[in-house]
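We call the chains A, B and C, going by the order they appear; numbering starts again at 1 in every chain.
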Amino acid sequence: MTGRGVERALGLLAALGLLIGLYAGFLYAPPDGVQGEVQRIMYLHVPLILVSYLAFFIVFVASILYLWRRRDRADAIAHSSAEIGVLFTALAIAAGSIWGRPTWGTWWTWDARLTTTTILLLIFIGYLMLRALVDDHSRGAVFSAVLAIIGFLDIPIIHMSVVWWRTLHQPPSILRPGPSTVAPEMQVALYTNLAAWLFLYGYFLAKRLRLEEARWELNRLRMENLG
Amino acid sequence: MSFSRRVWAIARKDLLAEWRDRESVTAMFYFAFLVLFLFSFALGADQALIRGASSGLLWLAFTFTSVLGLSRSVQGELENDCLDGLLLYPAQREAIYLGKLVGNFSSILVVELVILPIFAVLYNMDLWAQLPKLMVIAVPGTLGLAAAGTLLSTMTAGLRAREAMLPFLLFPVTIPLLLAAVRGTEVVLHGEPFELAVPWLKLMAAFDIVVLVVSLMTFEYLVEE
Amino acid sequence: MVSAGRGGAPVLPAIEVRRLVKWYGGQPALRGIDLAVAPEEILALFGSNGAGKTTLLRILAGRVRPTGGTVQVAGHMLDRDGNEVRRALGVLAHGHQLYEALTARENLAYAAAMLGLDRPSERVAQALSRVGLESAADSGVRTFSSGMKRRLALAKLMLREPKVILLDEPFASLDLQATKVLEEFLMASKAAGACTILATHNLTMGYGVADRVAILRQGRLVFDGRREETSLDAFRALFALHGEREEGG
């Protein structure tokens, strides 16, 4: 299967999945017993967060591969995955915030998981900024690879520190963002949306990689002609 | 043998150059002092509030001041192409990282030691008896800041937005260190049993180890062009 | 490329560059350089700003990674044995690479420690007297004139006893004494078997010390010949032909 073919397939699956997911989330699944309709945002929030974590994990692995083998493809994957991860995380936090307002009465809270996710977002925004600011491309790639490795390995440490800190200063939140009951229809809605957003991630990644490949081809042609 | 000789040569050179001018540590000291002073001022007369916030403010001051010191340390190498000169020696890149680390760590620690009595005065704390325990907390905390800071300041050295980028990258990464240091300091200052600080010390140790290992493994890639 | 040494036996080049290419983003800086420099050879490389002289020197020094091609310095492949290359190398760059807050002696002592030299204080004292800075040894470098700074940078170079010497615009900001010291150093190193590449705008001075002269233009070597086969006037004409402007006198 060609690159374009994979990309098209993923795009189709994503579109399909999102449509089905939309239906499942809004109509198929029952409203939550405690939270009511607002709980439906979770079918957006949870998949976004999970796919983000996957995206950042891939940035981590690709960064290690890049430093080890210096394959441009690994770097392109890292960069693309970070972009998608930052986007999805920001959306997830926004969705969570929208959920939080009617549920907790507040747009923001220093809940441990939310805090850790925000710090994660900050680290990878830093990753993207670093890449944008370094003029020499391969240098920027090396710098951000190192940042990604440290950032990712830091996540469990950050999470532990934030959890310990919170248990000291405030009682743990009673309501956590997540499905509070696991009715089978709700599970279906959750998994369909998860699959849909995974496909969407794959689609974006494939498309972005194709863009990078085109850029490499352009450089190669330039070098042949002018060199 | 020559590895450690080089590490000490670099650290010694940094500290010697610093001692000649004392520009950097003076700036660092004034900055930390200002932070503490302004906050003490801003929090007003509410003694309970000040006591509660004091450890946090102390470490905030230390963190900001570290950024200042780290930037200036790299700046010193960028002048006159000294960094290029440094990299032309047949020295293992890890020795260069460690040398810079020791230099940075020492400057920051010195500033912290000078700031502590000022802190004691401004915030009405009795520190003298607690000093050894405070050092047990401060050393791994400062080490983590210096380790991550040396790595990141090397990256941000040549950038256009250098002044903004270093704190932007350093702060999120070192948050766990900060939380641990603040809580550990609190334990000591409030006279709580020291065992409460131990898990936080372990956290700092974990952070320090991760940062040191990753830095040592990747530093050579950072400095080649 | 192999040249004949003194006994007529083939001598391996101290610097060997093959098909060297360097691209910065979308811009070519070096477009395929083939160059070999033998030990005891002094190559003067001329070219205007942007021609690629500094890039070439920085690649040879291991500070910049080439986009393509191979580089061998002092018998070691650059991408494999970085530290071995550095041990053999001596570089005099644009910036003097001196710490202004320290004294001359301290700067050299630091260099000696980083080079892992035995009897460092002895070597430092020797280098200081070779460049005529013994009296200023314990003054801060900040108080030095630019000529004195150049001499100190040269002293640092001498500590290394390099087999391969790279000089980028060495005649810039030199006073009379410093120029003399530099020329003496170049001749002494040559006698000791070192090879030298010096990149400069200064036609007269560069030509004066060289065994070989070359012109770099827009990333390509457009001329490379032995000095004794090219008179200064002929070279001047060539230089002008390639659109270069000379400096100095």
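The rule we apply is simple: a contact is a pair of C-beta atoms (placed from the backbone, for glycine too) under 8 Å apart; a residue touches a chain by one contact, two chains touch by 3 or more.
Source: prediction; values computed, not measured.
Centrality by C-alpha centroid: the chain sitting nearest the overall protein C-alpha mean is B. With every chain reduced to the mean of its CA atoms, the largest distance from subunit C is reached by A. Subunit A and subunit C have Cα centroids lying 50 Å from one another. In whole angstrom, the spacing between the mean C-alpha positions of subunit A and subunit B is 32. The centroid of the Cα atoms in subunit B and the matching centroid in subunit C are 39 Å apart. For subunit C, residues touching at least two other chains, in rising order: 65. Of all residues in subunit B, those touching 2 or more other chains are 225, listed in ascending order. Multi-chain contact residues, meaning those touching two or more other chains, occur in subunit A at positions 136.
Contacts from subunit A toward subunit B in the complex involve residues 67, 119, 122-123, 126, 129-130, 133-134, 136, 139, 142-143, 145-147, 149-151, 153-154, 157-158, 160-162, 164-165, 168. On subunit B, the positions that touch subunit A within their shared complex are 148, 151-152, 155-156, 158-161, 165, 168-169, 171-173, 175-176, 179-180, 183, 199-200, 203, 206-207, 210-211, 214-215, 218, 221-222, 225. Within the complex formed with subunit C, the residues of subunit B that make contact are 2, 5-6, 9-10, 13, 16-18, 20-21, 76, 79-82, 84-92, 224-225. Subunit A makes touch with subunit C in their complex at residues 135-138, 219, 222-223, 226-227. By the touch criterion stated above, subunit C contacts subunit B in their complex at residues 58, 61-65, 82-84, 86-87, 89, 91, 93-102, 106, 110-111, 113-116, 140, 156.
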